[in-house]
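Beneath this line is the structure, given in structure tokens, with notes to follow.
Order as written gives the chain letters A, B and C; numbering starts at 1 within each chain.
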Amino acid sequence: MKPWSALRAVVIAIYVFMLGPIVITAAVSFNQSNRSQFPPRGFSLQWWHRAFSAEWLDPLVFSLKLALLAALISTLLALPLAFALARHRFPGRAALTALTLGPLMLPALVTGVGLLQLFQYAGAREYIGFTALLVGHVVICLPFAVRTIAISLHTLPPNIELAAASLGASRAAALWHVVLPLIKTGIVAGAVFAFVHSFTDVNLSLFLVRPGEQPITVKILGFLEYGFAPTLAAVSVITLLVPLALVASVERVSGLGDFIYAARERG
Amino acid sequence: MAELRLAALEKRYGATVAVAGIDLAVREGEFMTLLGPSGCGKTTTLGLIAGFFAPSAGSIQIGGRPVAELPPFRRDIGVVFQDYALFPHLTAAENVAFGLRMRKLSAAEISTRVREALDLVQLAGLGERRPLELSGGQRQRVALARALVIRPTVLLLDEPLSNLDLKLREEMRVEIATLQRRLGITTVFVTHDQGEALVMSDRIAVMNAGRIEQVGTPSDIYERPATRFVAEFIGRMNFFADGTRTLAIRPERARLSLQAPGEGFARRGTVKQVLYLGGALEYRLELEGGERAIVEVPNDGDAVHYAEGAIVWFSAARESCYEIPARRP
Amino acid sequence: MARDHGVIGSAAPAAARQSERLPWLLVAAPLAVLLLFFALPNALLLSASVLKSEAQQLTNELTLENYSFLFTRPLYIWAFLRTFIVGISVGVIDVVLGYPLAYFLVRTRSRWKGLLIALALAPLLASVVVRTYGWYIILNRFGVANDLLLGLGLINERVAFMPSTGAIIVGLAHALLPYTVLTIMGSLQGINPNLELAAMSLGASRARTFFDVVLPLSFPGIAGGFILAFSIAISAYATPAILGGPATQVMATAIYGFMTQLLDWSIGAALAVILVVCAVALAYAAARLGARQGAL
């Protein structure tokens, strides 16, 4: 068999492996009975009904709010930081870079534990919950935004700011009229990655929740202790569809392709 | 429109000296070319005039005003970059309008001037296109229009033609030179291409290793080169040592014959190679005494053709022999 | 032919200001956030790990007991071992599976290339909980795997695939595969396609070209992908929690136990510190290995 055909067959098998569990989860959520049968027997939307009940909708909305705020704040913080790291040379730049990428390099779990300890010792126990979660999420999302904005800055056409200056633009005007529009895609990509990272996080969130204030991922995890329930399957599919819809629509408008390598953790 | 004056201009990067003391006066409305090989400091000089970086020593005056302390956006210059540096997120018209917007002109005035500028560079109707949708030659014209529309005191061009293919380059040379003459803007043009320099300039400053070797009109530079470097850099040259003097003879001024010529400079030699250049024939000779020589003969149908191996006389009239002056103090 | 941008651009772009001072205005806010909410918590963990804990309260006594506790109890030694076995297995599996997929995605000329890449990376959009849940459905006693094997007559009674270390490995390998694919893709893209053409013009078959030219050149990507999968795997919590159990602890689940159930912060912190040291060591190894063409 020709090498390429063999490769294609292997690749198909790998795709089955990769997408299988997700497809199975989705299918199972339509099961008539309370079992994890595949292929599903019977068809029922009851579990999906339950997935939209308050019990599950509340944490979903919580996660959305959290992710939106975390993305916004981390992107705002990332802008000046990316500019400093990508365009200036100063003593301590390497250390600052390491600190910036730190939350990406170290396990989110550890950051979560550390933050829990911090809030407890600072006597700020009442902030555990949304506030602590927001803080933690901003910290772990910041590196993504800094990375994509830095990539954008590095791919600016070479003489563009000199050209603006020669045409009478002060440094501020050049930044506003020329640089910012050209790094727009990097900013958007950073915000999107930050959103997805926050929305899907569980390791950090685990330690900073309180009853009534937990992201949907933690809630799902908690429920898994009770074993299987098709409602969980439906909820899981919803939590995949939200980021998927976001990424698909942003890709259409702004394009994320240039930044895919920036999406990997610890890269 | 005013003159540009550089005095004792220097630029050092640590131990490296990029510009080693330049004195140059560019007259109002003049087209001055800085010509030299890469690394000679011509582009650095341009950058100093533009204000992209500060000089290590010396002064720059535009229109009698010292500008060395001023940032680029206050020097009233127009720059055309080698890679054009067009703003990719703006249309051609918006690119051209940029400098006018920075100068806070009214929308109506901007619109009129942009249209005029695009007409001037023959891009009328293409204003709504983005740089990505334009050819190399068209982008170059946008860059030109963008620099001209602001009516700068001094126009600076950094090898703007080097990224174009040959035919386009030759066309644009003439166009830019004509445009400049019409508008009368004081212009400094940087290039390593001597053909461009000769065609376009009012005067040429030949640079080498951070210094100016000679400033003069194209014919000055070509026919009366002040140093061996200038003689060799522009066109090709045959050099002959004659006692303490160096004689320089252009290949197109030399002649080949089977008989020894009556008077003038003459040497015997063998034709080693004949190159067909289309419009001319180039003969490469080895002369008695071991020197190499080049003769260029127009391919006009009347010329006698010599074959490789032929024994010929290389000669030049007295007036065609130029003596390179001894090293200047 | 490389385009010349002119020396002006490279001599002194306004872009890279050669200022020697820290641009305080730019970094003040983000720096404060990072120091306060990242550096400080980690420092607290480090200090807690060397303090003695009594009755679930941290004292001021310096001690190395916490670490010696961890290194002498079989339960935790097993947790370490299991964590590393899981990490290595996941790393190997993901490289073995990820390489063919990465190679295919980089070299394919199909017009569905973009879609295929998106499809390979889309699982990353689902939380790891969700992806692991899929395996829960498949591997549990009454799940898909058992049904399938029973139906095919390969087994007579239902097998408990989980909780087990094997299940954890499968679940994590599945969850982390896209990361490896991304890393290897990045490395393969940097290989000049003309090299393969040159090899073939010199007489090498497709297979030879691959093994003698492409594979060696993609080694940094393979190593990087392995290290990435390994380092995320050893700090994973959700998958071991779901597909494993009290008998199959890994470092992350042990930390969770200490912090939230046993409420022994000192030992939990010590575990966390060990995990951090491993992560840092791995990041260092990755940095040395890779020609990391990162913007940072």
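In the analysis below, contacts are C-beta pairs under 8 Å (C-beta built on N, C-alpha and C of every residue); 3 or more make two chains touch, one makes a residue touch a chain.
Source: prediction; values computed, not measured.
Top contact pair of chains, counted by C-beta pairs, is A-C. When chain centres are set by their Cα atoms, the one at the greatest distance from chain A is B.
Averaged C-alpha coordinates give centres for chain A and chain C that are 16 Å from one another. With centres set at the average Cα position, the gap from chain A to chain B is 55 Å.
For chain C, residues touching at least two other chains, in rising order: 5-6, 8-9, 14.
In chain A, the residues that touch at least two other chains are 158-159, 162, 165. Within chain B, residues 50, 52, 81, 83, 85 each touch two or more of the remaining chains.
Of all the residues in chain B, the ones that touch chain A in their complex are 50-52, 71-73, 77-79, 81, 83, 85-89, 98-99, 101-103, 146-147, 150, 156. Those residues of chain C lying in contact with chain A across their complex are 5-6, 8-10, 13-23, 25-27, 29-31, 33-35, 37-42, 44-45, 48, 97, 100-101, 103-104, 114, 117, 119-131, 133-138, 140, 142-144, 147, 174, 177-179, 182-183, 185-186, 206-207, 210, 228, 231-232, 235-238, 241-242, 252, 255-256, 259-260, 265, 268-269, 272, 275-276, 279-280, 283, 286, 292, 294-296. Within the complex, the chain A residues that touch chain C are 3, 7-8, 10-11, 14-15, 17-22, 24-25, 28, 35-38, 77-78, 80-81, 83-92, 96-97, 99-103, 105-111, 113-118, 121, 135-136, 138-139, 142, 146-147, 150-151, 153-154, 156, 158-159, 161-162, 165, 171, 174, 196, 199-203, 206-207, 217, 220-221, 224, 228, 232-233, 236, 239-240, 243-244, 247, 257, 260-267. By the touch criterion stated above, chain A contacts chain B in their complex at residues 157-160, 162-170, 173, 177-178, 181-182.
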